[in-house]
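After this come two complexes, each holding chain A, first together with chain B and then together with chain C.
On to the complex of A and B.
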C-alpha cells in the first residue's frame, strides 16, 4: 500500500473518511441531463476562496487610513514581491465573481431551479449575489484613488433620493456629509470583517439546502419523479444520474481551470482593464473628475437612474425590482416548469438580459 | 402578494411618462450635483467670462486657460490674478486680493510670484535688463504666451526658441547656439516624459519620479533664462547625471512590466493546459 493509501486508512479508521466520501460525494448523484451551468455554483465557491486568500494576503500590507491607503496599495503593486499579482487576481477576480454568480442565477432561473422546494435556496443565492455587489462596492473605495473616491461618492448619494430617511442613510454610510477617512474605516470593516463571515454563512446554508433537496433536474425532458406534486419532504436522488464524485467533479475541475484561465487572460492581455489611469491617481476630494462613473457592475442602476426622470421613482423601482427578483419563487405559481413552454416568461427573461447588456454598454459609453 | 407587487410596479411606472418634461431639471439637479458631491465648486471667474454679456475680447480667456500648462497643473485664475472665485460679487474685489491684469513691465514680477528662480535669472539676463532699462524688452508672455487673443500659456520647451519668435527682436544666431546647447538635455527630458505617459497608461504610479523630473526641468530652464550659453554648456553634464537615476528607474519599470506579462502568460498557459488535460481525462459518465 502506498503512502497515500496509508494516510487514507489512518483517517478511515478514526473518522470513517471512506464512508463520508461515499455518502456525501459518490452517492450524491447529479441528474443525467445536467449541463455545464450546474458547475457554476462550485466555481463561485472557488472564486470566493480565491478572493479570501488574496484578500488576506493584501491585508498584510494594506493600511486603511486616507493618508496611507493609496501609498500602501502602490507599495503592494511596486515593492512587495508578487504583490501586483495578488492585487490583480483580487481585482479581476471580483469582477469575474460577479459574472459567475450572475450566470449561475440566470441559468438557475432559466432551468426553473428556483421552484418548489428550492425557494429558500434561491433567496439565499440572491442575497449572496447582493452581498457580492456590496463586497465590490466596499472594496472599491479601499485603494483611495480618484476613481474609487468619486465612484463611492456617486453610489453613497443614491439613498438621498428618499425623503426623510435618505440623508440619514447616506450619512450612516459615509460617516458624515462627505466621503472621508471615516467612510474608509467603515467600508474597510464591512469588507474584511462583516461581509466575509456573512457570505460564508449564506454559502454554507445554500450548500446545505442543495444537499438536502438534491440538484434540480433541468425541465427539458422531465422525469416522472419531478412531475409528481411536492407535498412532503423528499430528496431528489437522481438514481439514474451519475455520481458527483468522480464524474461531476471532473467537470467542476475543468470549469475551475477555465475560470482561472479567463482570469489570467485578463491579467496578461488587459492588465489595466479594471485599473485605468484614474485608479492610479490619489483621491482628491477637492477635484471632481469630469467623468464620474461607477464600476461596470453598477452601470445598470446608474444608467437606469439617469434615464428615469425622477430620482425617487427610479430608486424605488430599482428596489422593487430587487425584491421581485428575490421573491420570484413565491410569485411564480404556474405549474409549468419549462420556461420554453411559457412564452411570456421566456420573452421577459430574454428582454431583461438584453436590457442589462444595453444599459451596461450605454452607461459605459456615455 | 404577487398582485400587490405588480400593482405597485404599474403605479410607479405610470408617472414616468408624465414626468418626462423634468428631464432637464433632473439632469441639472441630480446628475451634476448629488452624484458629484456637494464639493463641486462654481468658479465665478469662468461663469462671468463665458457669459453672453462679456466683452468679446475677454470671452476667450477660459478656453485659452483650459489649453494652457497652468490648467494642466491646477493653476486657476485666482492663483495669478487674486480675488475670490467662490463669491461672484466679490470676485474682483481688491479686499479679496484681486490684482487684475499687470502692466507690460510688471509681467515678470507677476509671474515671478510663483516662478521665483526664473525671475531672478531673467532679471540678470539681457532680456530682463532690456525690459528694465527701456520698458520694451521681452517679458514672460512674449515667449510663453498669455490669454490674449488666440494665445495660451504654453508648456516651456525648446520649441519656444525659434527663428520666428526670436527674430522679432534680434538675429536668430545667438538663440540658435543656445538651442543647440540645450538640445540633448531637453531631448532626454522629453523622452522621460514620454516614458512616464506610457507607464501611466500601463497602470504604474510614478509620481515621485515625475516630481523629480519636474524639479530638474525647472532648474534647467531657470538656468536657460540667464541666456548665458557658456553657463548652460558648463552645467549640462550635471543635469545629465541628475537625470540618470530617473532614466534607470523608467527602464527597470518597463522590464518589470515585461516580466509581469510573461509570468502571467505562463500561468495562463499552465491553467489552460491543466484544463485541457482534465477535459481529455474526463471519461463520459457510466451508463
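On to the complex of A and C.
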C-alpha cells in the first residue's frame, strides 16, 4: 500500500472517512439530465475561495487610512512582487463572481429550481447574491480613488430618500455627514471581517439545503415524481442518476478551470477593463469627476435612478424589485414547473434579461 | 409559580437584560461621531470673485460655491447635489450648476431647473462688509 493509501486508512480507522465519502458524495446522485448550469453553484464556491485567498494576501500590504490607502494600493500594483497579479485576480474575480452568481440564479429560475421544496434554498441564494454586491461595493471604496469615493457617496446617499430615518441611516453608513476616513474604516471592517463569515454561513446553509432536498431535476420532460404533491419531507435521490463523486465532480473541476481561464483571459488581454483612469486617481472630496459611473453591475440601478425623476419612487421601486426577486418562490403559485409551457412567465423572464442588458449598456454609454 | 416556569421567566429576563446591555453600547459605537460646531464664519476678499465668476470653498466642512451674480451680487450655495450627494460644478457660459452624476441642473439661485434633484441647493447667508464677503 502506498503512502496515500496508508494516510487514508489512518483516517478511515479513526473517523470513518471512506464511509463519509461514500454516503455524502458517491451515494449523493445528480439527475441524468443535469446540465452545465448545475455546476455554477460550486463554481461560485471556487470564485469565493479565490476572493478570500487573494483578499487575505492583499491585506498584508494594504493600509486602511485615507492618507495611505491609495498609496498602498499603488505600491501593491507597482512595487510588490506579483502584487499586480493578486490585485487583478481580486478585481476581475469580483466581477466574474457577480456573473457566475447571476447566471446560477437565472438558470435556477429558468429550470424552476426555486419551487417547493426549495424555497429556502432560493431565498438564501438570493441573499448571497445581494451580499456579493455589498462585498463589491464595500471593497470598491478601499483603494480610495476618485471612482470609489464618488460611487460610495452616491450609494450612501440612497437611504436619504426615505423620510425620518433616511438621514440617520446614511450618517451611520458614512460615520458622519460625508464620506471620510471613518467611512473607509467602516467599509474596511465590513469587507474583511463582517461579510466573509456571513457569506460563508449562508453558503453552508445553502449547501445544507441542497443536500437535504437533493439536486432539482430540470422540468423539461417531466418525471412523475415531480407531478405528485409534496406534502411531507422527502429527498430527491435520483437513483438512476450519476454519482456526485467522481462523475459530477469532474464536470465541476472542468468548469472551475474554465472560470480561471476566463479570469486570466481578461487579466491578460483587458487589464484596464475594470481599472479605468478614475480608478488610478486619488480621491478628491472637492471634485466630482465628470464621467462618474459605477461598476457595470450597478449600472442597472444607476440608470433606473437617472430615468425616474423622483428619488423616493425610484429607490422604493428598486427595493420592491429586490423583495419580489427574493420572495418569488412564495409568489409563484402556478403548478406548472416548466417555464416553456408558461408563456407569460417566459416572456417576463426574457424581458427582464433584455431590460437588464439595455439598462447596463445605456448606463455605460451615458 | 412552579420552579420550571420561574426559571424560564428568570432566563428570559436575564437574556433581555444582556441583549439590551450589549445593544446600547453597540448602537452608540456605530452612531456617527458628534458633528463639529457649525458657528464659524468664512471671510473672503470680494476681489477674489469678479462679477460673473464663481469660486469653491469649504465652509464648516461643507463644500460651498460662491457666485458673484452681475445683477444681484454674491450668493453662497452648497455644492452638494440634493439628489445623491455628488458635487455640482458651475458652468459659466450657461450660468447653471450641473451635477455630473445624474445630470441634475440648477440655476445660479440654486433652484432645480431639470433632472432628478428633489429640492434646491442649500443656501448660506452671504453679506458684504466693506471689502470683505462674510459667509455664515
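Assume the second predicted complex is superposed on the first by the 366 of 366 C-alpha atoms of A that agree within 3 Å, B and C clash if a C-alpha of one lies under 4 Å from a C-alpha of the other, contacts with A are read in each partner's own complex, and residues count from 1 in each chain.
Note that a contact is a pair of C-beta atoms (placed from the backbone, for glycine too) under 8 Å apart; a residue touches a chain by one contact, two chains touch by 3 or more.
Quick caveat, the model's predicted, so the values are computed rather than measured.
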Put the two structures on top of each other at chain A: do chain B and chain C fit, or clash?
clash
Examine A:84 and indicate which partner it touches, taking first as chain B and second as chain C; both and neither are also allowed.
first
Touching A:287, do we find chain B (first), chain C (second), both, or neither?
both
So in the superposed three-chain picture, is A:150 touching just chain B, just chain C, both, or none of them (first/second/both/neither)?
both
Can A:176 be said to touch chain B (first), chain C (second), both, or neither?
second
Looking at A:237 after the superposition, I want to know if it touches chain B, chain C, both of them or none. Which is it: first, second, both, neither?
neither
Just chain B (first), just chain C (second), both, or neither: which does A:364 touch?
neither
For A:306, select first, second, both or neither according to whether it touches chain B, chain C, the two together, or no partner.
both
Just checking: does A:347 make contact with chain B only, chain C only, both, or neither of them? Give me first, second, both or neither.
neither
Using the superposition on chain A described above, determine whether A:324 touches chain B (first), chain C (second), both, or neither.
first
Flag for me the stretch of chain B that overlaps chain C after superposition; candidates: 42-50, 186-194, 204-212 or 276-284.
42-50
Residues on chain A lying within both footprints (that of chain B and that of chain C):
150, 153-154, 157, 160, 177-178, 285-288, 292, 305-306, 308-311
Of all residues in chain C, those that touch chain A in their complex
30-33, 35, 56, 58, 61-63, 83-89, 99-103, 115-116, 118
Over in the complex, which chain A residues touch chain B? Could you list them?
32, 74, 77-78, 84-85, 88, 150, 153-154, 157, 160, 177-179, 242, 247, 250-251, 253-254, 257-258, 260-261, 264-265, 267-268, 271-272, 275-277, 279-280, 282, 285-288, 292, 305-306, 308-311, 313, 316-317, 320, 323-324, 327, 330-331, 333
Considering only the defined contacts, which chain A positions touch chain C in the complex?
150, 153-154, 156-158, 160, 171-172, 174-178, 182, 285-292, 305-306, 308-312, 314
In their complex, what parts of chain B are in touch with chain A?
1-2, 5, 8-9, 12-13, 15-16, 19-23, 26, 30-31, 34-41, 74, 200-205, 207, 260-261, 263-265, 267-268, 271-272, 274-275, 278-279, 281-283, 285-286
